[in-house]
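The chains carry the letters A, B, C, D and E, assigned in the order they are written, with residues numbered from 1 in each.
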Amino acid sequence: MFPLQHFLYLSALLFSIGLIIIITKRNAIMILLGIELMLNASNLNLVAFNQLNPSTLDGQFFSLFVIIVAVCEAAVGLSLVLRVYHEHKTSIPDELNNLKD
Amino acid sequence: MEVLSDKLELIRMSVSFFIPELILSIGIILIILIGLLKKESSTLISLCSLIIVSLSFWFGIIQTSLHGAPVNLFLGMIRVDGFSTYLKFLMDAGTLLTVLMTWRRQNEQQHLSEYYVMILAVLLGSHLLVMSKNLIMVFLSLELISISSYILTGFSFSRKGSEGGLKYFLFGSIASAIMLYGFSLLYGLTGSLDFSSFIHITTIGNSPLFLIGGFMALVGFFYKIAAAPLHPWSPDVYEAAPMPVVAFFSVIPKLAGIGILTKFILTLSVMSQPDFSWQIILCAVAMLSLTVGNFSALWQKNVKRLMAYSSIAQSGFLLVGVAALLPQGIHYMLFYATVYMLMNFLVFIYLQQFESRGMHEISSFSGVGRTNPLPFIFMLIGFLSLIGLPPTAGFTGKLLIFSSLWESLQQSGHAILLYLFIFGLLNAVVSLFYYLRIPYYAFIKSGESNLKTNIITFENFLGLSLVVGVLYLFFN
Amino acid sequence: MQQYLISLLIFTPLVAALIGIFIPAKSIPYFKALTLLVNILQLLFLILIFSHYESNGTIQLVEKQSWITINMGELGTLKAEYFVGLDGLNLPLVALSVVVLLITTLSSWTINKNVKGYFLLLLLLNASIIGSFTALDFLLFYLFFEFMLLPMFFLIAIWGGARKEYASIKFFLYTLVGSIFILIAMIGLYLSVNDPSTPGQLVHSFNMLNMAESSNFISNTILDPQHSWKIGPFPARYWAFLLLFFGFAIKLPMVPLHTWLPDAHVEAPTPISVILAALLLKIGGYGLLRIAYPIFPDAAMHFSWFVGLMGVISIIYGGLNALACKDLKRLIAYSSISHMGFVLLGIASLTTEGIAGSVYQMVSHGIISAMLFLIAGVLYDRTHDRTIGNYSGLSTKMQSYTAVVVVAFFASMGLPGFSGFIAEILIFLGAFKSNSVNGLLHESLAIFATVGLVLSAAYYLWTLQRMFFGPFHLKGGIIESSIVDLNKREYLMLVPLAIAALFFGIFPQPLMDIIDPFAKQFSEFVLNSGKSLTLNP
Amino acid sequence: MTLLNFIFYFLEAVAAVSAISMIFIRNVFYGALLVVTCLLALAGIYVLAFAEFIAVTQILIYAGGILVVIIFGIMLTSKISGKPLVVQHSNVIAGVLAGVTFLGLLIYFIAAQKFNPFSTTKFAPEKSIQNFGTGLMSDFILPFEIAGIVLLVALIGAAVMASSIKSKNN
Amino acid sequence: MVEVQSHQSTTVELFLLVALLLPLLSFFISFSISEKYSWVVPFITTLLLLTSVVSSVYVFFSVWKHEPVVVQLHWFTIGNFKFNVGILVNNLSAIMLIVVTGISFLVHLYSSGYMAADTSIRRYFAMLGFFTFSMLGIVVADNLLLIFIFWELVGFSSYMLIGHWKEKIEASAAASKAFLINRIGDAGFLIGLMIVWANQSSFNLIELTNTTEILSWQTSASLCIFCGVIGKSAQFPLLNWLPDAMEGPTPVSALIHAATMVAAGVFLLARIHFMFTPPALDVVIIVGGITAFMGALGALVQHDIKKILAYSTTSQLGLMVMAVGVGAPEAAILHLFTHAFFKAGLFLAAGSIIHSLHQAQHKTHDHFDVQDVRNLGGLRKKLPFTFIIFILCGSALAGLPFFTGFLSKDAILTAIQQWIGSEFSWKWFMLAIAFIVSFITVLYTLRMIWSVFMGEEKRTSTLPIAEPPLVMRIPLAILGFASLWFVVCSNPFDYSGWLYSGLHAGKYFHSSFMPIVSAVWVVLALVVGYILRKKSIQSSLLLHNFYLDRIYNALMVKPTLHLTSFTNYLDKKWIDGFIHSTVYTQVILAHFTNWFDRVIIDGSVDGVAGLAKGVGSVTRSFQNGKIQLYLFWAIFSIIIFLIWLII
C-alpha cells in the first residue's frame, strides 16, 4: 500500500488545475475538460480512501457512479455546446452576453 | 447467502414506502412513450403529467397518514421521515401548479413530452434528495435535478435559452464537482458514506480538512438554493427559461436543496466540536444572500431577473430559519417554505399571464393595473407577502423565523446571530422597494394600455385560491 | 351592543369599503354618500361610547377574542388576541379621529379623479387609524399601524401634487424604517414576556398590558428587567426603548427625523394633509405613551433628558424653519413639527401636568392643524398656488376667510382661549416642575422651549402681514377672479373646528375629566416601576 | 525502491505532467489528448489502489467513451465556426491565484492530517468483482436504478437539445 | 386648597359681572349685526359701556375701603391640583375698574364720531369691546394664570386694533411688531409662572400673599414676571413698539397705548408687589429710570404729534415703574390714574385735530401729513375748544400746580426721595433722573403745544377747519375737567387725597419741602422752555430712539433670519442628506429619483452608469454575463470562506 498522502496530493493538484482551467480558458470544451479533471480528482480520492476501509467497497462504488454521472454530464454539456455553436457561432462563453444585468 | 436474502427482503419491504417515487419513475417512462406514439396530443400529455403528479401527491399524503415514525429504506440509502414527507408534499403541490401554468401555454411549448419528462425528473430528484441519507444518493439525485434543469432552461428554444442552458451547465457542474470533492474528503475522514451517522466524526470533527470538506460539500447545496456567493447563475437562467420553468426553479429545487442542507448541517453541527459552529457559516451566507438579492434587485428592469434576485433573497430568509439550528427554527422554515411556495406561484401565475401579452419589462406594466385591477390586486397581495407585511402569511413566516433566530441568539449568544437578525429585518425594508415597483407601475404610472382581461379567467381562479391560502395562513 | 361598540367603530368602514368594491366606478355620488354615512354612523357610535364611558382610570369597553394561537413546542405558545379597549389616553384621540375624518370627507367633496379608489382608500385608512388607536395587543396595533401606510402611500402618490412620487416614497421610506424599529422591539418583547393568565405554561403574548408588568418577563431573556443583557454601552432594554422611541419619533415627527413631513404635506391633497397632520402624527405620541414608556419605564427615565431635549430642539428648529418657508403648506407643516415637540417635552417630564398636557396637545393640535390645512386647501383650491409671496392684501377680498385664518393662526400660536394654550401651559408647567418633583428634566429645557412661543408668533404674524394685510395685489399669474370668499361647505368644515378649539380652550374640564385619571395613573406608574427597576438591577 | 513503487510514482508523474501542461497548451485538440493521457495514468493508479474494476471502467468509459465524444464535438464545432482551435486565455492572474491558493490550502492540510485505517481487514482482490456485482444488486440497488434514470434523462435531454438544432436548420 | 369665601353680597358680584361681561357682549353684538345696520353698532356699544361704567361705579363704592370681593369657580383639575378661576376685587382693582370702563366709555363715545366714516366699523367696536373685556379681566383676576391669559388677550386685541387699517402696510407691520415684542416679554412672564408653579403649586394671589417669608425663588420669579411688564408697558429694552403702534386709530392709542393697556404692567406690579424681593426691586427701578429718561428725550425731538405723545407715555410709565421700584405702588397707581385721564385727553385732542384737518383736507383735496407738527401752527383760533383741552391736559402732563399731574408726580418724587436714604449712593441718580425727566416733560409739552397752536398758521392757513362734532367734544371736555387737581385731592399741594389714602397701607410720608421744590422746578422749566420755544433739536439718535430698532434688527432679527435660512439649508441639504447617506437610503433614494427621472424623461439609461454606485450596483456589477467571471467570484468567495473557516 502506497502512502495515502501521495494519492491525495495528486488529486489536489488535479482539482486545482481543473479550477485554473475553468477560470482561464476561453473555450467551452476546454472548460468541460477542466470539469472532467475535477471529477477525476474526486474519484482518485474516493478510490484512495477506500484503502482505509477495505471491508466495504463504498468508495469504489461511489467512484463508479461518479463516472456514470460524468458521462451524462458530458453528453448534455456537449449537446448544449453544439446548440450554442449553432445559434451564436462561438464557443467562447465570454462572448455569450445576451444575459446580463 | 443468508445475509443477502435478508437484504433482498428488506429491499422488497422498502418498496411500499416508495410509491410516490415509483409513480414518478413510471410516469417518466409513460410520458416518453406517449410522446413517441401520440406526438400531437398535447392535452393528453398534460393531462397525463397532471395525473401522475396528483397521484404522487395523493400517495404522499396517504403515506404520511399511514406511517408516522421515520423509516430507513433500501438498506440505509434513504430515510422517510416527517420532514422529508412534508417537503415532498410541498414540492408536489408546486409541481402541480407548474403543470397547471404550463397548461395555459402548452400549444406554444415545443417538445412537450420531453418537457414534462424533465419536470418529473426534477421532481423525482427532489424527492430523492430530501430523503437521502447516503452521500451517493445525494450526489445522484442532485445530478438528476441538475441535468434535467440544464435542459429545461433550454426549453424556450431561443438564443437566450441555449446561452442560459450552457451557463447553467457550466456553473452547475463545477459546483457539483466541488461538492463531490468535499464528499470525497468527508468519506476519507469518516470512512462512511452515510452522512446521517458519520461513524468516526467525533474524533476528527474539528480537523481543518474536515471543515474544508464540509464546506465544499455545502457549496453544492448553496448552489442548488441559489444562495450567495453561489448565486450568479440564477438571474441569467431565470431570464432565459420559460416562465413556468422559472416558477418551478424558484421553488422545487430550492426546497429540495434547503431540505438536504438542513439535514446535512444538523448532522455536522451535532457531530462537530463545540468550539466551532456551522451556524456562523450559515449566518454569513444568509446575510450575503439577503444583501446580494435585495440590493441587486433594486436595479432590475426585467421582471424575471427581478424575481431571480428575489428568490436569492428569499433563500436568505429560508437560511435564517435553518441557521437558528433549533427544531422550532426548522419547523418555521418549513412554514415559511410553504408560504414561499404559495406567494411565489401567486406572483408567477400573473407574470406568465402578462408575459404572454409581451410584457417582459417592469416599465411595460404602466397603467395596466387600472384597467385590470383584479390580477394586480392579487399580485400586490403576493408581493406584500414576499415583503413580509401583514396581513399576509409572509409576515407570519418571517416573524416565526426571526423568533426562532432570536431564541437561538438567547441560547448561544453568538453576536453574528444578532447581526443577522437586524440585517434581515433591514433587508425586509429594502425588499419593499423593488417588490412594489410592479404594482407601482401598474397602479400609479399612467400608460396607454388597452389590455383587457376577463374577470373570470383560469389565472384569477388559481390566483384567488392562492390568495386565500396566503391570507389564511396569516389568520390561522 | 355595548360590548361591541369599538368593533363597530373599526369595522363599519371596512364593511363599507367591501360594499364599495361592488359599486360601479361611475356612480360617484354613492361613494361620497357611503363614506359620509360611515362617518355619521361612527359619530353615533362615538356618542354611545361616551354615554357608557366612566372616567375612572380603567380600560373600558374591552373586547378580547382569541385571534392567533400557535403552539411552538418548546418555545411555548404564541398568542395574539383581538384586544381593544378605551381609556383616558385613547378615547380623546378616537373622538378626534371620528370628527376629523368626518370633516375630511366633507373636504374630499371636490376630488374628481378616480373617485372610487379615493373613497375606498379613505375608508381603509379610517379603519386602520381607529384600529391603531384602540388596539391593546401589540401585534394588532402593529397590524393596523402598518396597514395605515398603504392607503396613505397611494393617496399621496395618486392624488398628490407635482412631486408626489418623491414625497410618497419618502414618506413610505421613513415611516417604514420606523416601523421596522418597532417590529424589532416587538419581537424582542414578545419573546421575553409570558402571559400570567395561564400559570405554569409558557405563553408568549402580545398583550401590551402584560408587557408593562415587570413581573411578567421571563427570567434571563434578553429584555428581562432583572438580568437585562448588555449590548454595547447600554442594557438591551435601553436599546429596545430607543428602537421604539425612534420608531415613534419618526411618526411624530421629531427633528432630525422629520424631513418626510414637509414634503408629504406639500404634495398631499388637502384632506390627506389634514389626516396626516391631525391623526397620523398623533400615533407617534400615542405609541410613546401607550407602548414605549409603560413597558420600559427604567429606560424611559434614563433617557428622559434626551427625549425632552429632542422635544425642545424640535420646537425651536421647527419654528425657525417655518419662519424661512415660502410655501404656506410647508410653513404649516413645520409648525406641526414645532407643536409636536411640545408633546415630547410633556411626555419626558413624567409629571401629571406634562402628561395631561401632552394628550391635550395632541387633541388640540389635531383640531387646529386640521383647520390650518383646510385653510391652505381653500386657497389652493381657488388659485393652485401656495406661495406666500404671490399674495398680498387678501383681507380686502376674502373677509370671512381672513377672519377664519386669524382665528386659526392665533389658536395655533397658543393664544389663551384656544385649546392650544391649555395644552402648552400645562406642558410648560410640567416640564419646569419635573426637576423638583422627579429630577428628570432640567428647568432650562422649559425655559428654552418658550422661544418656540415667540417663533410661532413671528411666523404666523409675518405670514398674516404678507398675505392678508397691506394693499391687494397678486403675483405669479394668479387670476384675480379666482379669489372668492368661503362657501357654505367650507364654513361647515371650518366653523365646527374653530368652535371646538375655542370650547376646549375655555372649558377644558370635560376633556380633562377623561385625560386626568390616565395622566395621574400613568406618571405614577412609570415613575414607581421605573425607580424600582433601576434600584434593583 | 520496488518496481511497484517506481510504476506508481511514474504514473503519478505522468498524470501530473499531463495535467499541468493542460494549463499551457492552447489547442483544444491537444488538450483532449492530454486529458486522455492523464486519465489512463489514473487508471493505472487505480489498479495499484486495488480498484481494478474502476480502472477498467475508467479506461472504457472515460478514455474510450467520453473523450471520443468530446473530440467528436471539437471536430464538429470547429467545422461549423470555421475558426481555428486555438484557445485564448483570460483572467490568468485571477485563475492561477485561485488555483494555487486552493492547492496550497489542500496540500497543507492534507499533509497535516493523519489518516487512520478504519478496519484492519486486508483487501481480497479476487473477490472484488463479485462483491461489486452483489453490491450493485443489494446495497446499492437504489443508486443503480437512479443512475439508470439519470442516464435516460440525459439521453433524452441531449437528444432534444441536439434535435432542436436540426429543427431550426430546417 | 383653601376655599375662600366671598365677603361681599351677591349684588356686588352681579354688578361686577355685568361690568365685566357687557364689553364682551358688545363684542358679540358688534359681530352679529349685519353689515347693513352697522351704523347702530356705535350706539349700542356705547350704551353697553355706559351701563358697564355705572355698574363698576356701584362696585367701586361697595368695595372701596371695604372688604374685597372674592369669587372662585373651579376650572379644571389635573392630578392633585385644581385650577380655579376667580375674581378678587380690592381697592386697587376697584379704582382700575373705574379707569378702564370710564375711559373705554369715553373712547367709545368719541369713536362714534371719529370712526363714523370707516367701513369696518363693526370690527372696530367689536375689538374695542373685546379689549375692554380682557383689560377688565386683568384687573379683576385673582390668580396669575388668569392674569396671564387676559394679558395675552389684551395683546391680541391690541394687535387687531393697531392693524385696524389693514391696507396700510405700516399698520400691519406695527401690529405684528407690537405683538411680537409683547410675546417676548410674555415668554418671560410664562417662565415666571413656571417658577411660581414649581415652588408653590398655586397661582392664587391670596395664597401667594400668605407666604410671608422671602424665598430665593421669588427674586427670579418676580423678575421673570417683570419681563412681561417690560413688554406690555414698553419699558427698556422693549420700548420700541409703542411709537410704531401709533399707526392705529387715534382713539385706540388713547385707550390702549396711553390709558389702560400699557398701564396694565404697572397695575400688575402693584398687584403682585408682595412678591418682589429687594434685588428685584432694584432692577425694576433701574429699568424704570432708563425708560423714563429715554422716553423723555425721544419725545423732545419727534415731529409726529402722536409719536411725541407716545414717547411721553413711555416716559411716564417709566416714572410709574420707578415708583413701584422704590416700594410705593400707591404713588404709581395715583400717577397711573391721573395719567390715564390727561394722556387720554391729549390723545383724543390730538385726534380731533387730525380729524378736523382730515375733514378739511377732504374738502380741498390738499394733502400733507397732518400729524407732523412742522406743518401745523396757530390753530388756536380755528380750534379754540381743542386748544383749551390741550392746555388743560398738557399742564397736567407737565406737572403744573393745580393739576392732577403735579400731585401724582409729587407723590412719586417724594417716594423716591424717601427711598434714596441719607447716604450718597447710586440711588441718588435715580432721583436725579426723575427730576430731569420732569424737567424735560415740561419742555416737550410746551414745545408741542406751542408749535401746534401758537405762532403763524403754516400749511393749514387755507383750509376750512371746523371743530369736531359734539360726540367728540364731550369726552374731551370730561377728560380736560378730570385733569384738575380736585379730582384726586382737595389740597392742590398735598397728594394724599381720597385716592392715595385709599390705596396706601403703610407709613405716610409727606414733606412740605417737595411740593415747593417741584413747583419751582416746573416754573424754571417753563421759563427755559419759553426761551427755547423756537429752537428745535436735531438729533438723529434721539429721533430714532437710540437706534433701538436698528440694534434689534442687527442683533436679533437678522441673526434669527440667518438662522432660519441656515436651518432651512440644514433641513434640505444636511439632515436629508445625512439620513439619505446612512446605510442604504441614499442608494435607494438616488435610485428612485433617478428612476422617476428616467421614466419622465423617457428612459435613457445613460444616467444609470453615473449613478451606479453604492451597494446595489456593487453586488450587481458581478453580474456581467461572463460565466467564467461568475465562476471566479464564486470560487474566490469559497476560498475566502475556507480561509475564514480554518483560521
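Keep in mind that, in the parts below, contacts are C-beta pairs under 8 Å (C-beta built on N, C-alpha and C of every residue); 3 or more make two chains touch, one makes a residue touch a chain.
Treat the numbers as computed from the prediction; the structure is a model and nothing was measured.
Common neighbours of subunit B and subunit C under the contact definition above: E.
Relative to subunit D, the chain whose mean Cα position lies farthest away is E.
Centrality annotation: C (chain centre taken as mean Cα position, compared with the mean over all protein Cα atoms). A comparison of the A-D and A-E interfaces places the larger number of contacting C-beta pairs at A-D. Taking the mean Cα position of each chain as its centre, E sits at the greatest distance from subunit A.
Each chain gets a centre from the mean of its Cα atoms; for subunit C and subunit E, those two points are 36 Å apart. Averaged Cα coordinates give subunit B a centre that lies 78 Å from the centre of subunit E. Between subunit A and subunit B the centroid-to-centroid distance comes to 26 Å (mean Cα coordinates, whole Å).
Look at where the CA atoms of subunit C average out and do the same for subunit D: the two points lie 71 Å apart.
Looking at subunit D, residues 90-91, 94-95, 98, 102, 105-106, 109-110, 115, 118, 139-140, 143, 147, 150, 153-154, 157-158, 161, 164, 168 sit in touch with two or more other chains.
For subunit C, residues that reach two or more other chains under the stated contact definition are 165. Looking at subunit B, residues 136, 140, 143, 147, 150-151, 154, 162, 165-167, 170, 174, 178, 188, 191, 208, 212, 235-236, 296, 299, 426 sit in touch with two or more other chains. All chain pairs that count as touching, in label order, are A-B, A-D, A-E, B-C, B-D, B-E, C-E, D-E.
Residues of subunit B that touch subunit A in their complex: 135-136, 139-140, 143, 147, 150-151, 154, 159-160, 162-167, 169-170, 173-174, 177-178, 180-181, 183-185, 187-188, 191-193, 235-236, 239-240, 296, 299-300, 305.
Subunit A meets subunit D in the complex at residues 2, 4-10, 12-17, 19-21, 23-27, 29-30, 32-34, 36-37, 40, 43-44, 47-55, 57, 60-61, 63-65, 67-76, 78-83, 85-87, 89-92, 94. Interface residues of subunit B, counted against subunit D in their complex, comprise 4, 7-8, 11, 25, 28, 32, 73-75, 77-78, 110-111, 114, 117-118, 121, 124, 128, 134, 136-137, 140-141, 143-144, 147-148, 150-151, 154, 157, 162, 165, 188-189, 191, 199-200, 207-209, 212. Against subunit E, the residues of subunit C that register as touching in their complex are 165-166, 169-170, 173, 255-259, 262, 317, 320-321, 323-325, 352-353, 356, 393, 395-396, 406, 410, 415-417, 421-422, 425-426, 428-429, 431-433, 435-436, 443, 446-447, 450-451, 453-454, 457-458, 461-462, 464-465, 468-472, 508-509, 512, 516, 519-520, 523. For subunit A in complex with subunit B, the touching residues are 8, 11, 15, 18, 22, 28, 31, 35, 38-39, 41-43, 45-46, 48-49, 52-53, 58-59, 61-62, 65-66, 69, 72-73, 76-77, 80-81, 83-84, 87-88, 93, 96, 98-101.
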